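By written order: A, B, C, D, E and F. Residues from 1 in each chain.
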Amino acid sequence: MELTKILRFSAAHALTSAALSPAENDGLYGPCARDHGHNYALEATVRGVVDGDGMVMDLAVLERAMQTVVDLVDHRHLGRDVPALAGVIATGENLAATFYRMIDRALPSGRLVRVAVVETENNRFEYEAAGEAR
Amino acid sequence: MELTKILRFSAAHALTSAALSPAENDGLYGPCARDHGHNYALEATVRGVVDGDGMVMDLAVLERAMQTVVDLVDHRHLGRDVPALAGVIATGENLAATFYRMIDRALPSGRLVRVAVVETENNRFEYEAAGEAR
Amino acid sequence: MELTKILRFSAAHALTSAALSPAENDGLYGPCARDHGHNYALEATVRGVVDGDGMVMDLAVLERAMQTVVDLVDHRHLGRDVPALAGVIATGENLAATFYRMIDRALPSGRLVRVAVVETENNRFEYEAAGEAR
Amino acid sequence: MELTKILRFSAAHALTSAALSPAENDGLYGPCARDHGHNYALEATVRGVVDGDGMVMDLAVLERAMQTVVDLVDHRHLGRDVPALAGVIATGENLAATFYRMIDRALPSGRLVRVAVVETENNRFEYEAAGEAR
Amino acid sequence: MELTKILRFSAAHALTSAALSPAENDGLYGPCARDHGHNYALEATVRGVVDGDGMVMDLAVLERAMQTVVDLVDHRHLGRDVPALAGVIATGENLAATFYRMIDRALPSGRLVRVAVVETENNRFEYEAAGEAR
Amino acid sequence: MELTKILRFSAAHALTSAALSPAENDGLYGPCARDHGHNYALEATVRGVVDGDGMVMDLAVLERAMQTVVDLVDHRHLGRDVPALAGVIATGENLAATFYRMIDRALPSGRLVRVAVVETENNRFEYEAAGEAR
């Protein structure tokens, strides 16, 4: 059984690599190299056996773990104002992987299986446990 | 190839375990221990090879199997008015597992692979074939 | 300029008139005479001139006024567990009118112009100031 | 007859008044005084009689007028990178009024009746012709 | 008080005027001159005083009036297979006006105030009673 | 890491098999044997390791591959006006499999893992790499 909780936050970002010149960043990331922002959705999925209370995991426990992430990034500029993202190019891929690690540390071991970051209704980024090995 | 059909229903529920006192239920389930309700989405996914008519399964067959579930729960209180859910704490997890078994029985064997129950835009519960063993 | 804020809550209700027998309620309200529930949206619209800070009204003020309503009804049975709705048949129409009066009292006079209650993606109820007179 | 076209853009903003100190801006605008962003929807409504081709206005004409606005603000910081918004505190109210004037100038006179800016699924700002007078 | 009911249907159409050559239709309607289709939403709004049963109008009455329209157009080609639309260029504007008249005839006099046809999440057409006079 | 891009198009179709008589097509496909249409969503998912620029794949590359499909089908009748679909019964299953092959050819080998076609908010068709073998 899988349980997915979804929270939302609004943040600004600009995709720029410190290893590149402004012109190179524009060439690589296009308009995304400029300051802009999104209403993000953060989705976290846990897996497990249903217990006698009918739950895989107390939804409040999962929400608290996710809320600690949201509190760091909501109404912030992801590239300039979030210490936990220092040095991280704020692509959806990097956000999903970083948020996965943060939520995973806050939950009982082995329960988190997937984190998705949805930037717009057209772009979705999804990180699965052991996903990099596949 | 996978085919997913989605139906919607509106129902009331309250999360309470008969093994617990009212205060214990409040402590465990929080506000969900009180009568409230949702516009639920029921999603059922079947898998198979596409036949010469271009179909994995006739959508009308899948819809009929799901509709028998919807007819039992739509505009009902899940904990008090649905005999098929007697003794079942109406968490999203238990609903997904129960609806999976009901739909699976109504379809040709081995076709149903997943049933999801969506309570709100923030909470999703998903049961996969052999899901409990994982 | 109009500003609309939208909050959501989940509640149970059953449409029954105390003046009618159970059979008459079934005849009049159909399946809605039975306990069921919804994920409701509550929309409140205020109107006014934009001030020098760029605002018609501080969104936090509007949200607080709406939140007092949501706190009364969220995760409740509207017909049995909400004193503010005692004696009110919990149709979308009656909810919209009642919530309008509650939000209007909590805001500076003459600012609220409209309250909508959305029961499902198919049913919307909207009460406007002086609406009954039209 | 009214015709409404909806376009979307992603932008960053921070609500700060040049007349206020940082602490005052924080007090007035809360978390919105910090850099953040949204997936905005821009809705423009024109009104008129339906012509013999079945149209109130060629949708392509309306879209072009709106697109000139979107081109200025999409993937930009509304407070720092958009000359057309210089000196404008980028609240939803001010954006709706400014975009109204820009779209109105680009359309035949007297056709535009309403512009809405939707910041999130919870906040909507709507400017009507002669709206300030009401 | 206003009550809005929303139904959905899927139909094909092509915008072509019998008074124009194929090249002229292409020039006027662009890609819409070719056969294509939509998942349409049909929204109908009635207005009135709330009665002692808490209703402006029985939702089932409104739904039946709308369903007669949906039954004519659902899973049809609007320009070729719907006698009620013979000679009507199937623009959103013409559909909204035609559906308004059909629904209005099926309801008690003076209750219907608005019909909207939504073609996509980007295009909305809305006809109001006496709308042509404004 | 998985990255999903979603594009939308509007098309007409009718489900009819050339091997069947009109009456047989009506019996098999029901109302879908008649000309109708949808606002389709096309979702394509690629998988891979995140590179030093924070990307699994340049979103613009994925979008271009998908856009070539959309350009062929948008504002067309899928059964009559799209050479790439000649002889293909335009069920969601067949569209998903066909679009998968078209997008897969346009991308670096081995990156595309899944294509979904969404016909309505109630029907979703999903083709996975090696999906037929499962």
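Here is the rule we go by: a residue touches a chain if its C-beta (ideal position, glycine included) is under 8 Å from a C-beta of that chain, and two chains touch if they have at least 3 such contacts.
Since we're looking at a predicted model, the values are computed, not measured.
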Check E-F against C-D and say which one is joined by more contacting C-beta pairs. E-F
Selected from A-D, E-F or A-F, interface repeating C-E by over half of its contact pairs: A-F
Centre to centre, by mean C-alpha position, how many angstrom separate chain D and chain E? 28
From the C-alpha centre of chain B to that of chain E, how far is it in Å? 35
Of all residues in chain A, the ones touching two or more other chains: 121
Using the touch rule from the top, collect the residues of chain B that touch chain C in their complex. 8, 10-13, 31-32, 34-39, 74-77, 80-81, 120-121
What part of chain B is in contact with chain F in the complex they form? 1-7, 47, 49-50, 52-56, 59-60
Mind pulling up the chain B residues that touch chain A in the complex? 15, 17, 19, 28, 30, 88-94, 96-97, 121-128, 131-132, 134
